[in-house]
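Please go over the structures that come below.
Two complexes come next, and they have one chain in common, chain A, joined by chain B in the first and chain C in the second.
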Partner chain A sequence: MIRAFVSGMRIHVVQFSRNPFDLSGVFLWPILYASIAYYLLDAKNDPRLLLAASLGAAVMLMWSLVVIGSSNALENQRWLGTLELLVAAPVPFAVVIAPICVASGFVGGYGIAATLAWGRLIYHVPLSIDHPVAFAVALPACILAIGMLGLVMASTFVLYRAAFSLGIALQYPVWIATGLLVPLSTLPAFVRWIGWFLGPYWGFRAIRESALGSAPWPDIGMCIAVSAAYFVVGTLCLRVFVRVARARGSLKLT
Partner chain B sequence: MNDLCRTYRTHVGIVRRRRTDVQALGGISFEVGRGELFGLLGPNGAGKTTTIKILTTLLLPSSGSARVLGFDPAREAGEVRRRVGHVFGGDRGLYDRLSALDNLRYFADLYRVPVREKRARIESLLELVGLKGRERERVETYSRGMRQRLHIARGLLHDPEVLFLDEPTIGLDPVGAREVRETIGGLRDQGKTILLTTHYMYEADELCQRLAVIAGGVFVATGTPAELKARVLDRTVIEIEAFGVSEAVLERLRALPGVISVSTEQRDQAEVVLVQSSVGSELTHALLRELEGTTLGKVIAREPTLEDAYVELVQTA
Partner chain C sequence: MNSLRVFFVGGVMSYRALFNWINPWVFVPHTLGYPIFEILFFAYLGRFAGVQSDKFFLIGNAFMAIAMTGFFGMGNAIGGERRSQTLATLLASPANRFALFLGRAVPSVLTGLVVSATAFSVCRVILGVHFHPSELGGLVVAALVASFACTSFGLCLGALGLRGRSVSLFADMIGGSMLLLSGANVPFDRLPGAVQALGRLLPLTHGIAAGRELGAGASLGAVSGLLGTEALVGCVYFGIGVVMLRVLEFEGRRSATLETF
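And now, the complex of A and B:
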């Protein structure tokens, strides 16, 4: 199963890297997101706030890359006619789908690094990390949390044909509910509750806390906890939704 | 398979949703022995692919039951998936931007081919399907025939006990189709159990040990190719090349004494009227009289083939 997982990640990264359109987006988006961080908050005179805004923009990009990447990859499976073959493989379907999400997560990890690098290069965003070790752990924990949330979303993509549209639609609510776009304190209390169930919320907190001070480890722990929960929920959802798709006969539909 | 049924449900309308049920399989039962190459013959929409998808765990039946090597594909999907391979015809089902080698490596990992055997297995399959030397090229540069042969290699990666081939030669040129048929014949000779669907009669005749003709989701006949042909051996077939034959003229031909069936088919630019009649009845003159005023080409009288048996079975279903 580990071999199938690693092989799946490799295949999806290679497949992704051979689409010039997707690749150009991955190079351009970090510049756009770094610019959003710089101009939206207008925090030129507060280096720590500027760094926080850059990190927020980087996590926003990461979520976009994961949700769009995995939904696009799954819709592609339908168009390529490989979805049925993946469902018919003897390994559990979660092991087939999870690499797509985690591979998108790694592309998202690159997105974080690129956004911060462009912010540093173009807008001179300071990159002073208070807890480098925690930051090094927080980054993969964030990738995992967001990738596994992608897995839960991916289960619905198996059921619905318009996976890509659904992926696009899911971008913005998660940005808002996790406080990446606007501070959660400005939103109604129930939105905060929603945010607590979302991986990007804990991923952003883990990265921000490890870069800017106080106590990052509880948030890193939460990243791992929600990832495990997502894996369980995603696996169960995939099992149920694949059965529903087999009953409906919708796996080959494009 | 025992009395297997499958109904698809579709909905139309947005505000007032109307449900439509379409029956794809109306209760079919059959058995395939180990090492046998069994053919499912039928026109488009007859239920061939639905049957294969149920047996390969991709679809759940609406009712009835099936067993593959003793396992229920609906409830024991994992056990079935480990033991069967399936190959769908057509262009789809491969990662186009990757090489054939990458495709095979990925599916070998998904199908749990042991690491130690993976390389040798891929090499031998590339050899078997004639893609050795081209395996590092991207699949998007492959011809349809090459893709189809790659499909077969993918389906055989985990050395399945049972192989399902769903119209494996569809859309191939004659040379490509012959190569695929040779590959399938080789697998049959190795003792693989194969369920093949096709609507090419000569393919079924050449490859299958037993056949079932399926139309409208039900079996209309089963038997060996020779047994099916025997159903029409008491007949003669007259082929008349004609241009622009109306339905009224065809009805007049059907009404002639001694005529068993009349059908038409398009061959290149010409329409061919196929008339099946009892052996011994001399109908050519009567047929030509009824076709007076129609531009005619060649007229041939011949012995019936499996295709004639098939057309007869499907038309009377």
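And now, the complex of A and C:
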């Protein structure tokens, strides 16, 4: 299973990185949202706020790539007629899907480099990472947490053939509920509680805290904890939803 | 007469086919959810930044919803045929190209107007923004002009689908760039001069500016210059789009790329 996961990761990272045009979106989107935040916040005297906005924009892209990338990847398997073969393979289906989700998050990591470079070159945002070691751990922990939440979402995509539309619709709600650009304190109280259950919330906190010098390790721990929980929930959901899809004979429907 | 038949019958069939692919019970919340959450996201970001009022973001992003359907309606009209491998067959027919693709795009554009109006109404209640009825009438006029300009621009994007295969992604990137370039979410005077100049050449920019003035109580006569400019921008892109449809169809046939996806 580890071999299937690792080779799946490698194949999907290479596949997602292959088309320069597709990849241009990975660089454009976080730069775009970060730029909107820069112009709105106009915080020349608070470079740490701009750095937090850059990181938030990059995590926004990570979530988008996971939720859209994984739904699109599943839809492509349907169109290519390979989804049934993947379900029929002796390897658990979760091990086939998880690399797609984590690879999407990994490619989203390019966005962090692009956004930080853009902020530095255009807006002179200082690139001071207060805890480099914690940052190096927080980044993969964030990718894992977001990727595993994608696994839970992907289980519904197996059942639902218009998965791509659902993926697109889930972007903004999660961006809002996890406080990536808009602080949760400005939102209604009930929204703050939703973020606690979402991987991007803990992933962003882990990255931000390690970059801006507070206490990142508890948030990194939460990333790992929610990732484990998502993996269990995602695996169970996949098992149930695949059974339903097989019973309905809807795996092949495009 | 035949072109009218192609326009109406083709458009209706294409729209019905959409609901064969996606359940309306899923389509409606998905289509409405995206613009509603987009408006809320930027309105709360504006509140946090202390920039402009909720009305500013409400109008800007409601117009963005119109733009996106204008871009995607035309882009997907051709891209969808390519994906379902029917583009070559369609282009082998003697039907008028313009009627063919516009017929497929118009239902999407009308849906976009309804979606934008609904998202606007829902977010108006959530954010507690008030408009005078006369202001709403003016906004409808500005929205229709902006819709024409964005659909014309979408015609150019759709024509690219005759030659390239990632038009939806391209339209998505252009649409995303409009969040910044059109001044939908950033006061135009805060943008660098070059970005402002680029924004003025694009559809939507003048439409949003007119919409904001109308929302602030200006009369239609007072914003006629902005609406006229938006309509002119739309006419220019319309002309470019028609030429592109002709040229790129020829190019697609010549390079045998109509069936690649």
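By our rule, the second predicted complex is superposed on the first by the 242 of 254 C-alpha atoms of A that agree within 3 Å, B and C clash if a C-alpha of one lies under 4 Å from a C-alpha of the other, contacts with A are read in each partner's own complex, and residues count from 1 in each chain.
Criterion: a residue touches a chain if its C-beta (ideal position, glycine included) is under 8 Å from a C-beta of that chain, and two chains touch if they have at least 3 such contacts.
Because the structure is a prediction, the values reported are computed rather than measured.
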Query raised in the report: Who does A:46 touch here: chain B (first), chain C (second), both, or neither?
Result: neither
Requested in this report: Could you tell me if A:84 is touching chain B, chain C, both of them or neither one (first, second, both, neither)?
Outcome: first
Query raised in the report: With the two structures laid over each other on chain A, which partner does A:36 touch: chain B (first), chain C (second), both, or neither?
Result: second
**Report entry** Common ground on chain A, meaning residues reached by chain C in one complex and by chain B in the other
**Finding:** 19
Query - Residue numbers on chain A that touch chain C, as the complex places them - result: 19, 21-22, 24-25, 28-29, 32, 35-37, 39-42, 160-162, 165-166, 168-169, 171-173, 175-176, 181-183, 186-187
Requested in this report: Enumerate the contact residues on chain B facing chain A in the complex.
Outcome: 6, 8-9, 53, 56-60, 78, 81-82, 86, 88, 90-98, 102, 105-107, 109-112, 115, 154, 158
Report summary line: Seen from chain A, its contact residues with chain B in the complex are 3-4, 7-8, 11, 14-15, 18-19, 80-82, 84-91, 96, 243, 246-249, 251-252
Query raised in the report: Okay, in this complex, where on chain C does chain A touch?
Result: 21-23, 26-27, 29-30, 33-34, 37-38, 40-42, 44-49, 51, 166, 169-170, 172-173, 176-177, 179-180, 185-186, 190-191
